[in-house]
Amino acid sequence: MGLVNAAFSPEALLKLRYGNLGICHTRYSTTGISELQNCQPFVVDTLHGKIAVAHNGELVNAQALRKKVMRHGVGLSTSSDSELITQLLALTPPMEELDAPDWVARIKNLMTETPTSYSLLVMFKDVIYAVRDPYGNRPLSIGRVVPVSKLHSSGAGDEDTEGWVVSSESCSFQSIGAKYYREVLPGEIVQISKHGVKSLSVVPRPEGDLPAFCIFEYVYFARPDSIFEGQMVYTVRQRCGRQLAIEAPTDADVVSTVPESATPAALGYAQQSGLPYIEVLCKNRYVGRTFIQPNTRLRQLGVAKKFGALTDNFAGKRVVLIDDSIVRGNTISPIIKLLKEAGATEVHIRVASPPIRYPCYMGINIPTKEELIANKPEFQDIAGYIGADSVQYLTVEGLVSAVQEGISSLQKDKMISSSNTSGGRVGHCTACLTGKYPVELEW
Amino acid sequence: MGLVNAAFSPEALLKLRYGNLGICHTRYSTTGISELQNCQPFVVDTLHGKIAVAHNGELVNAQALRKKVMRHGVGLSTSSDSELITQLLALTPPMEELDAPDWVARIKNLMTETPTSYSLLVMFKDVIYAVRDPYGNRPLSIGRVVPVSKLHSSGAGDEDTEGWVVSSESCSFQSIGAKYYREVLPGEIVQISKHGVKSLSVVPRPEGDLPAFCIFEYVYFARPDSIFEGQMVYTVRQRCGRQLAIEAPTDADVVSTVPESATPAALGYAQQSGLPYIEVLCKNRYVGRTFIQPNTRLRQLGVAKKFGALTDNFAGKRVVLIDDSIVRGNTISPIIKLLKEAGATEVHIRVASPPIRYPCYMGINIPTKEELIANKPEFQDIAGYIGADSVQYLTVEGLVSAVQEGISSLQKDKMISSSNTSGGRVGHCTACLTGKYPVELEW
Amino acid sequence: MGLVNAAFSPEALLKLRYGNLGICHTRYSTTGISELQNCQPFVVDTLHGKIAVAHNGELVNAQALRKKVMRHGVGLSTSSDSELITQLLALTPPMEELDAPDWVARIKNLMTETPTSYSLLVMFKDVIYAVRDPYGNRPLSIGRVVPVSKLHSSGAGDEDTEGWVVSSESCSFQSIGAKYYREVLPGEIVQISKHGVKSLSVVPRPEGDLPAFCIFEYVYFARPDSIFEGQMVYTVRQRCGRQLAIEAPTDADVVSTVPESATPAALGYAQQSGLPYIEVLCKNRYVGRTFIQPNTRLRQLGVAKKFGALTDNFAGKRVVLIDDSIVRGNTISPIIKLLKEAGATEVHIRVASPPIRYPCYMGINIPTKEELIANKPEFQDIAGYIGADSVQYLTVEGLVSAVQEGISSLQKDKMISSSNTSGGRVGHCTACLTGKYPVELEW
Amino acid sequence: MGLVNAAFSPEALLKLRYGNLGICHTRYSTTGISELQNCQPFVVDTLHGKIAVAHNGELVNAQALRKKVMRHGVGLSTSSDSELITQLLALTPPMEELDAPDWVARIKNLMTETPTSYSLLVMFKDVIYAVRDPYGNRPLSIGRVVPVSKLHSSGAGDEDTEGWVVSSESCSFQSIGAKYYREVLPGEIVQISKHGVKSLSVVPRPEGDLPAFCIFEYVYFARPDSIFEGQMVYTVRQRCGRQLAIEAPTDADVVSTVPESATPAALGYAQQSGLPYIEVLCKNRYVGRTFIQPNTRLRQLGVAKKFGALTDNFAGKRVVLIDDSIVRGNTISPIIKLLKEAGATEVHIRVASPPIRYPCYMGINIPTKEELIANKPEFQDIAGYIGADSVQYLTVEGLVSAVQEGISSLQKDKMISSSNTSGGRVGHCTACLTGKYPVELEW
């Protein structure tokens, strides 16, 4: 429970020093309730020994599957999809030999029971299976741990090592001295053991279905130095900013960013538009939970507590402010107020993604339909509502083309696998923007 | 995790104020490892809704049952017998109607799968089932919550209530304003609901088997004001002291106790022997964990840290010191040293129970055979080993008769149910003293 | 802050392993507010180096002294008398040589500034001064740490040691392997250093004033195995019980105790009266803070949560119940109710000390005058108020004679120093019982 | 103790809701030892009531002053300068009337005892005195709390308020709805009470001495949206970047920053040099304490844990990387390695401040002389040592002119007070760069 740094004390980590295999998962509580029993990995004892499962994602047919498992007589101790997956893997298939569990068959069976969304690590004895659902909805990358001795002539110490690491985001590799190796493909089962990395199988999607990697990983969730589908997230965001400048040009003096996530898009917008890029906001790193609940006075003042205004940089100027997305519309409003009070003559908001209108059932925590600003009556006059001089969003087509442009050129250069793109056909899940879900939802 | 008072803060208890049904269990970690996941009650979701199970005891055939459950495809997430019981109850029996779970049938089925030892509370929706295994190895009592308004003419407030409470030890009833009602009988399934308490069934033991209530509850574990089989534990202990005075009289000046648990036996010994009862030790209530690990010096001094000597009471006198049991023989030795250094001319140890020689597989945490003083070579000269002038134990026969004497007189007076005593035949588990286990142990 | 065991973790104690001198003090917060800044010892830096002061007691003229110190220009950072003492010791006396602090002179000077009450440990560099105020109001004893090597032929390990220890209560010596050596006398300054223990001076009381050791240490506060003025506390309490049996005999069947503090008096009463001693209450060791705030229902039930009734021991009998003191009258009432509901035909309360009527200004936390039951109108019919069949207290004369009888016989046998008893004249502070304070109170 | 958000829980803050005056100070532990007793404010009780003192800075003559205070007989309970100041203020001056403390005289007296460095808030009853030392070494600003009702026509709620706030950095004003009002001048005593803000006195420096505001506040410490001497810190940093581009131009393809503190200087460098500004590093916000101690392997790899490389932005390019300062030289080296491994063909380091060579005795935590890279032999080939293609620092003259240029133009426009700049003469403390301390240091 709690932040990773708090949960894993140096003492706790020290206890792990003698193993050579491990899985973990940081679960961001999407339900608002953090429950200890939902902590991952889920570990259960089976006839053949313990299996452990780490799961990123959310099963679209969880309710139906729960019923099925409980009808078999298994009591489920949590509300978690991940426990459900673990118990499904523990179920002995009818055809299996009693003393030889066939984990790959069990994983394939799981993949026929539920189409999406899941990226899994399954550990049994000395093997880890890395699995991505057939739609590739959640990311999963493999990194290679480089031994120091191969890098430096100076012989490495006792703690030198070589090996493999799997992660949702490739950005985590560098800080432990690993290099990006490749993505796990949609539907792929990869085995990691002392014999190295081996692709065991790629379970196909139904005929005609495209892959459906979550487009919001590019827009918002991922760290900018992560790589998906062969391209760096930062570059995609910068391309979104350029596309936005084409779709929504502004008559203004300067371009700036809501730091820090919108900065690549803001620099892209500045480059494309020719307007100078400046900083207008400085982030207050010490805003913490205590101050998140302002009293009546501060709420009425509408203070932008997270940011300080860099007044002298923009007083008397017309500002284009780039944001990466507007979800509820609560945070942008005090920022605009802050800039205007500090002397901006105009503030034009340009959003580097389309309006979010639909819920996600595949693992992403999106507010209810009613809370989304794009579904409210106020959206008709969004500029007036948030106090901006104008507001414009990137189109869905603009976003998809900014994302897929990079993949196409990689395909052309044969730099990425065709499996990843379904025989040359690229696809992404844009359900939260368009309401088109990759699979039919069962209730 | 932790002590009850720490685990259940006033805030946590406040959250429970609107329910009218609940179960809990304080599990003393017998394995030395306290694990959060072993916390009780176990709660699992089934086709019909959640069931919760609190369990006191240890299944004699746990390993075989685990295999059976796992062969069915259930992954077990802990090493706990109690989770095993919960999953066994969750399993749909083949004959059951799909939409009408027959919990009593399931509980009876469980009781045929495992003979002992368990006292259970099973909660489902608005009903609690209180269950005791056919041998009655672990205790279970029912109490009645008395409404204030029936006691006082002054009308009761909003929080007044009436109801039922079930507990291992009846001593807990008084402090919440409840009265002892009766014991759950060996093999009995009692239903508690808004309709009150109702006995549903008594599952019999195999022909010829006697009940096997743990005799050590009388000797050591239970609080003296608890009632088992119709008699107060204090009275049984006092009777043990009297019996000990008959079996092992001493030529001495005074009788005393190792406070506080041996006091009833010491008073019984004094009454029977005619020797004056005095106090020789005063308990140090502030000895805590920090000081439990003494340094080399204190270990060499052999200091009795938990007790202070009431020197003036016994200096120059011959002391009979009553203890309730001697398990490892480590604690009595520094006490004898303390008394002698403070001026006792002789110290005779009389133990109000027989030597413990065998492990318990039914839920009681007894040291390994090798650690038990009664199995060590030193036991041949136990007095010399612990520094006493003489040491004598109560016999097994003496203990059994001290325990059963009270039951017999109650039976004669028809004050207790014959079910409890198997058609007039009384029986107790004395396995730790005699090696005779109530059921054959499966491995 | 917090209990000693919690505040001093094994890790914290390990840091202290290389020193050979130390002082500490556990301060029971008498004001209800526990403040970290009032934690002892107080340490201040002076021209000559750091001094540290541990203080037990309360200065009768604190307010006047504070003013005096502050007039000199010293800002006081706490409301604590102990800081005041520390700053008074830090003040350079006018006559002192600048580079040779005369701590003994400074301590004597302090003792002329404030007559009582204080027992002090003052540490400076490699010396500790143990000091007791001229009235000897608070206790202070010296113990000798016995090296193992002198006790056992087996050579001692590295941690063996010999030395001295000073404590309010001598009961603490045994558990660290020390022996009671002697008391610090009223007004005495004792120096403890590597050269051993040395009496430096005895500051006299004003002509005609008797010593004034707190009589309530005997009655209630001290552990029964502690020694004051040459006699064991337990023995004094037992004598109080005997005296009570003489002053307040009862027509009853059995004598019992409110465990555990009243047990010596109860045994004394039983011996003197010839009535049998039995146990009627069993202490619930697991009652903790959570349950201290009962809800309306439990408050109305008046449940004695701390105790269980040993019903079978007294049902149908007339009980004399001995208590050590009755302060507010809140706790005895539910106990009587408990005994009567469990079958006692009569309950007679005999209190082994006189009623408390006056506040203490010398370090003991006594409720306000209004809260003391002896000052309430209900006291006229105290038996009716608490539900007893009769209530009788020990007289002040009875208590004083029970305390002083032991000292007189020791004096006769020349076993204790005459300094301790002011030329053969014994005296005790009975202010809380009589309103006669040992010194005039300044306000 | 601990971070502000942890130390001040919402519950703790709620207790403060009924006061209308308060001071606090977050003390960054410069000695490495965080001690509870050094927590501020220091509060002492005096003859006239409590005074509380919050202090930012470090007294250059602390040792001499401590001796002086202790000679007067005051025991100091901490090693803190701030306690010393508090006790100095508590000392009654010889001439003062006994019942009328003259705090302003006492503060002036304090200012004659110690020239620098301190910014103080002194609270006594219903008045706060804001004080800045005559050299103005540490910052201190006053803000005005704006009532909501003056801003909005909508009537304000109960919590609306107006008032004054004093802070080291003006950036804190905005987040509580206050506006920058003015700086406290060097040597000024400002009184804040219900009557508003009133300047009471300006204590002069010795003839000829310039003000000595810490130049490193501009370079490194302050948040960029703070205002000192009439100018925004961000603007000064940007000017330092421009000046650096003039002093140290580079033949390269792109300019970038070590985020986030060097960004204003990097943008200034880019503007002046005409090179494009890009981002090369992305900050890893989740690097915490656990990971700060890398194991041998990670240390050998020299991994830049705090940053991820935005590879695609600079692969194949020559990068000018702007840093704000290089203290020990440990952090820049792995960053350069990271950029080169990710494909940068050249990495040129340009530092927007001069090398630090001397210790600070005025409140800033600077490593020892030996730890400073500028004092090590390796500094001769700093580029080789850290792995850069070239390294250049801003000159002291360049820094001073970048700082003072803004002040001069403000003076010219008569926009800032001449008191602030000593009759038109501007001065700053550059001791850590030049070894020239504003006052002679006493030892």
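Things to note:
Per-chain residue numbering starts at 1, and chain names A, B, C and D are given in the order in which the chains are listed.
Here, a residue touches a chain if its C-beta (ideal position, glycine included) is under 8 Å from a C-beta of that chain, and two chains touch if they have at least 3 such contacts.
Chain identities (UniProt): A, B, C, D = Amidophosphoribosyltransferase.
None of the values given here were measured: they were computed from a predicted structure.
On a Cα centroid basis, the chain most remote from chain C in this structure is A.
Chain A and chain D, compared by their mean Cα positions, are separated by 38 Å. A straight line joining the Cα centres of chain A and chain B is 53 Å long. Among all residues of chain A, none touch two or more other chains.
Touching pairs of chains, sorted by label, consist of A-B, A-D, B-C, C-D.
Chain D contributes residues 36-37, 42-47, 51, 66-67, 70-77, 79, 86-87, 89-92 to its touches with chain C in the complex.
Taken in their complex, chain A has these residues touching chain D: 3-5, 8-10, 13, 146, 148, 151-152, 154, 156-161, 171, 174-177, 223-225, 231-232, 234-235, 259-260, 263-264, 267, 277-279, 282-284, 286-291, 293, 295-298, 300-301, 303-305, 308-313, 338.
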